[in-house]
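Multiple structures follow.
One chain, chain A, links the two complexes that follow: it is found with chain B in the first and with chain C in the second.
Right, the complex of A and B next:
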């Protein structure tokens, strides 16, 4: 293989694919990125056996071919090369080393044979649809924070995506929960998604995908099967295994009969929570909300450092109520709210609370209170 | 070492009377247990170690055992945890396999350890220690370092006399004996407490440290075990005296940071202060099987029982833990530990057990195990433990059931109620 390409193109693509590669690997080939040149492009592929990202970028190909080199190493080298430079990638005759040359810099990297590189793409997909990048990003942004990190409940370690009929319309819905809070977001179901299986997209795939959705004009092609998902975003193809598990019946968790409505100004509420929780300890950042007519008093007590209170005018016309929440969880939710006002639907201090965004009726959040 | 120079200050360990002259017995009570040392009233750092702790407690509680060799340890497969001094005469040592111990001393009385009782007595001893000084650093259930600097005004006595009074008090009030080592650093205080066991009181002063250490084997140094001693032996080093003649740079080049430790400790230089960091880092429970077990279902029974023990101890010490640790020892003595962090702390046997099960599933691959243990680390107060869960409402019900079982057990005893996992597996009479 012998090719020349622009450093900026190479860097951009490597930036997308190299993140998939784990820093520590017991299998050497998994530390490498696959480079394959053909026609007028260079294709790069990286995998951790659960997730694979492929991206192609234009290149002048003198001699086509393929090899694998350490991904983080190559990325670091290209990152440090001067702006606007051209990069030459050339393997030696034996295929054991690859030269990276640019200007007066020259590197030689050890290669592993491309035939050893694992392939994740086998298998066919049952459903295929096209989704605006903005819609996909919105589904992710609004739910990602609630993904569980507890391995014990692996089936919660991702976003559950499925289609559902809501108010007479078919929606594509994303749900995530860690048992303490739940986030749900809908978009109009794109054609082709009808009848797709409910899938759980793993956390790592979700966060890598999120970084690839910056361009609002893009349209993403989504293909799913029972076990895999493939997303095509421009010249990037991302293939991921899905979590093999059953997502719990989340509808049961969403309270339907909470009768105490609380309306807060999102921004001032978030700022107040942030301020009073300054005093709380790392563990158990509970903030107590004491509600009375038209007023909320936020209190944090930390036996080790002191206490904080703040008063906030709110829309509340029910019996007084005291309820505690994890401050971080409240802030996670408020940071996703787009409108000026948020609606809390409360029942009692021990029951799940529903949070709605007045400006975005297609998202809702459930929050489990804490004992305070 | 108590140097017998007549002019050294000293006192009688039985009646605490000051001994001015060079008599070999106490001028007041006639006891031979005199303590004399030139630095006796200058030293403040002590190491206190209970003598044959578990065995002494059993002997205290059953006077019939007083003149019999007693071994504390578990089952036919277990090892000796403690041997009383009579059993030690026959060659029984702690950590010795039980069958070997019984070969050496067939007439020994073997008693299964009653850890709860020993822990209770250990706490009593520690409470008395804490009356001497707030700077008590426990090393285990039955030994601790004490820093007594600055307590003279409080106790109206120098540390040496305060410690002798303490040893006497433990004998009178708790009914077991301790050995005291008094020195100027941790290393030598610990060495000293071991010199005269049982009922010992040894002093190693600054002036004699080099001389004292010269002929001692390198294994006396903390951190030098069998393997490292072999390395040193290969290099021709057997005694601490040899280390005393070597350069620090040379030792560090050869043995790294351990070399520095060798250099310093061989010269009696030890700057480590007594620290109060007695808080538990983890709570765990383990058991060695009578016969090796490979079957998952059989391991589960033990896992459940141990999880309940851990939960019980968490409850008593008002703690919760966030990381569950499973420990297994294979038939060929390889240890496997697997851990998993939960997203909230737990104090429940149910959650510990269920997490442990997931870890066990991967390990129950037909391998024969001789030991299983389960525990939690990453400890915190229990008030934030086990928050209600949106996804698993049954968890709340199981937690309530467990609390109810605990209340029953408090009232009617441990065996009054148990889950199906362990029911019928308890041996009626050991």
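Right, the complex of A and C next:
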């Protein structure tokens, strides 16, 4: 293989694919990125056996071929090359080393044979639809923070995506929960998504996908089966295994009859929570909200360091109520809200609270309280 | 148990226990009751009562039989159409000792089952002799029924039950952890349910793995509760 391409193109594509590669690997080939040149392009592919990203970029191909080199190493080299430069990639006759040359810099990287590179066989997909990148990004942005990071409950380690009939319309819905809070977001279901299986997209795939959706003009082609998802975003193709588990019946934890409405100014509320929680310990981040007509008193008590109180005018016209929440969860949710005001629908100190964003009707959040 | 100052309350998702025939845990204690279900409709008598402690698999067996026999669930209360249904198809009456029933209606249900050869399966924690029956004719009908008892669980069954209860919640636990619990728990299936529920709840509340420390905390907490009862 012998090709020349612009450093910026190579860097951009490597930036997309190299993140899939884990820093530590017991299987050497998984540390490598597959480079395959053909016609007038260079295709790069990286995988961790659960997720695979492929991207093609224009290149002048003198001699086509394929090889694999350490992904992070190649990325670091290209990143440090001067902006605007051209890069030559050339393998030796034996295929055991690849030269990376640009200007006066020259590197030689050890290669592993491309035939050893694993292929995440996609199989056939039962459903295929096209979705605006902005819609997909919104579904991810609104829910990602609630994904569980605790591995025992593997079925919560992703975003549950499915279609659902809501208010007479078919919606494509994303839901994530860690068992303490839940986030739900809807967009209009695109044509072709009807009847798709409910799928759980793993956390790492969600996180990588989110970084690829920065161009709002893009349209993403989504293909799904029971076991895999494939997303095509311009010249990038992302294939991922899905989480093989059953997502819990989330509908039953979304309260429908909470009758105590609390309206807060998002920014003032978030700032107050942040201020009083300064005093809380790492282990217990509970903040107590004492509600009375038109007023909220936020209190944090930390037996080791002291206490904090702040009063905030709010819209509340019900019986007094005291309820505790994890301060971090309150901050996470308020950071999702786009409007100036948020509505909290409360029932009692032991039941789920519903949070709605007045500026984004298609998203809702459920937060479980803490006993304080 | 050391009470933590603040406790995160987890979302109550619930779960669907697996109730198919292939999910049934077979042990010697259950074999007579399983044989009854598997041998339907060749029953020794048209009325069968499965008696066993909480969590011993009565409802699971009843659900398999209901599916197999195409049976309908009845509640023999006064004025209900339970006896009419029993004349037409096999019927299931669950938790007979804890659900209130009308003596005369149940008596008619049994008569119709016998007359029309349909079949009645009842589940109960207490033997039928302990039921609050006042109608002498019903007493004699119940005496004539086949009673199959599910015994107290042994270690092997407790192990299988714990693994199934965790698996129902999509929790796959280390065998050594299950062994640890079995060695220290009260010998009942009800205790197994309580332990799994409590471990699941605490692990979700704290966002932690299922560990021996957590199991030991739950066992100690339940042990203390028993002592104070």
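What we mean here is this: the second predicted complex is superposed on the first by the 370 of 372 C-alpha atoms of A that agree within 3 Å, B and C clash if a C-alpha of one lies under 4 Å from a C-alpha of the other, contacts with A are read in each partner's own complex, and residues count from 1 in each chain.
The working rule: contacts are C-beta pairs under 8 Å (C-beta built on N, C-alpha and C of every residue); 3 or more make two chains touch, one makes a residue touch a chain.
Note that the structure is a prediction, hence the values are computed from the model and not measured.
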item	value
Combined model on chain A: chain C and chain B, fit or clash	clash
Chain B versus chain C as contact partner of A:248, first or second or both or neither	both
First, second, both or neither for A:342, with chain B first and chain C second	neither
Contacts of A:324 with chain B and chain C, given as first, second, both or neither	second
First (chain B), second (chain C), both or neither touched by A:189	neither
Touching partner for A:59 - first (chain B), second (chain C), both, neither	neither
Which partner, chain B or chain C, touches more chain A residues	C
Chain B and chain C contact sites that coincide on chain A, given as residue numbers	148, 150-153, 177-182, 248, 250, 253, 284, 350, 352, 366, 368, 370-371
Touching residues (chain side chain A, partner chain B) in the complex	148-153, 156, 177-182, 248, 250, 253, 283-284, 350, 352, 366, 368, 370-371
Residue ranges of chain A in contact with chain C within the complex	148, 150-155, 177-182, 245-246, 248-250, 252-253, 284, 286, 303, 324, 326, 350, 352, 366, 368-372
Residues of chain C touching chain A in the complex	4-15, 170-171, 203-205, 207-210
Residue numbers on chain B that touch chain A, as the complex places them	340-344, 354-355, 358, 380, 383-384, 387-392
